[in-house]
């Protein structure tokens, strides 16, 4: 069991079956040392844990938890793409975070921290990443958050 | 003529003159084995084939066709960037799909499939890619869809 | 002093202290020859120079100036990440530009040119880049524009 698996166990996190994409693409693609993971929405036990816009339909706290859920799902996808070996991840490079929100909502960084903090919890300094976080007026399946990932792998 | 050109001919698709960017940037940039193609909007014979938001101004079917059109334009740009040789594309890595839509619209994956399915039609397994598809409230020139592309090339 | 520093001096531009991220991520990450810079918002002397949506709350001209400001900030981040040596930038690869706007606004390319033109002013042909520019209904801290960057470095 890799150090990362141990860390996940310490955090009490069991990676889910990687969510299947809801459309005709694949969950992850590797090119040289880049692993690109498709946009993840907050499926938990097969249902979306957060729907609608922040803050009118989903609170900041719920959205932040949803961003963390997206990150857990993204890590599950990465693990599957790497043949089950999370130890092959050298670092997290970039997160793209899309928050479904009402016009004028301006706390996307707080919401996105749900995903960003998770990466640092799991990978330590190697989890620190570049990020773009923006608001949008709609997301697939009315999810509150979508997060995409780029990892450097070996 | 490369296998990919043959495939396009089989599909009855003639790649257009690569659309010129509507601003001060370039259609595509290569770095090592990555070819990054700028966001494409659904120009067809010089006019946008779909304007406005889904579903109030553009149907899902029209938007899906527009996404396919964006993909055709993206492939035309890639061809020009590769000196005319589509055989240099090793695989499609990532599509970023932005769908102009009304708040609450949640079928971005269906729309984005217009672009994703095209890549698989043309490249087969090498056309399978990672993807982020989101909704937005506005796009350049009021286009209904914008798609950006990353290819792995040789 | 590198040629790029000279060029900035010719343009009368002093790079600011790199803006600190407003959340738990890092300003830039390098992987092989890619330098990925986090989404920048238009902080100038510690305050946002443009807030709200285009055109109802911010004019196109202001938003364009804000996009340029984001680009200056992105370059400041890149410089810090490269140990102060902008000469290590081989070219600008991609800009992702998010414009906070009202529904139906369609001049994102004009706004984004504020960032794109700056890169060409500074780097010449090496500043020409691929780009995706879209509208969104909300951005962090109510900023009018957010721009993220990918550079090729040595």
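In order of appearance the chains are A, B and C, and numbering begins at 1 in each one.
The rule is short, and it goes like this: a residue touches a chain if its C-beta (ideal position, glycine included) is under 8 Å from a C-beta of that chain, and two chains touch if they have at least 3 such contacts.
Quantities reported herein were computed from a predicted structural model and do not represent experimental measurements.
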Size of the rotation, in steps of 5 degrees, that lays the CA trace of chain A over chain C:
120
Suppose you list every residue number at the chain B-chain C interface; are over half of them used by both chains (same) or under half (different)?
different
Could you please state the distance in Å, as a whole number, between where the Cα atoms of chain B are centred and where those of chain C are centred?
25
Expected list for chain A, residues touching two or more other chains, is 32, 34, 136-137
Chain A residues touching chain B in their complex are 21-29, 31-32, 34, 36-39, 53, 96, 98, 100, 136-143, 146, 148
Footprint of chain A on chain B - complex, ascending:
32-34, 91, 93-95, 99, 101-110, 112-113, 116-117, 120, 128-137, 150, 152
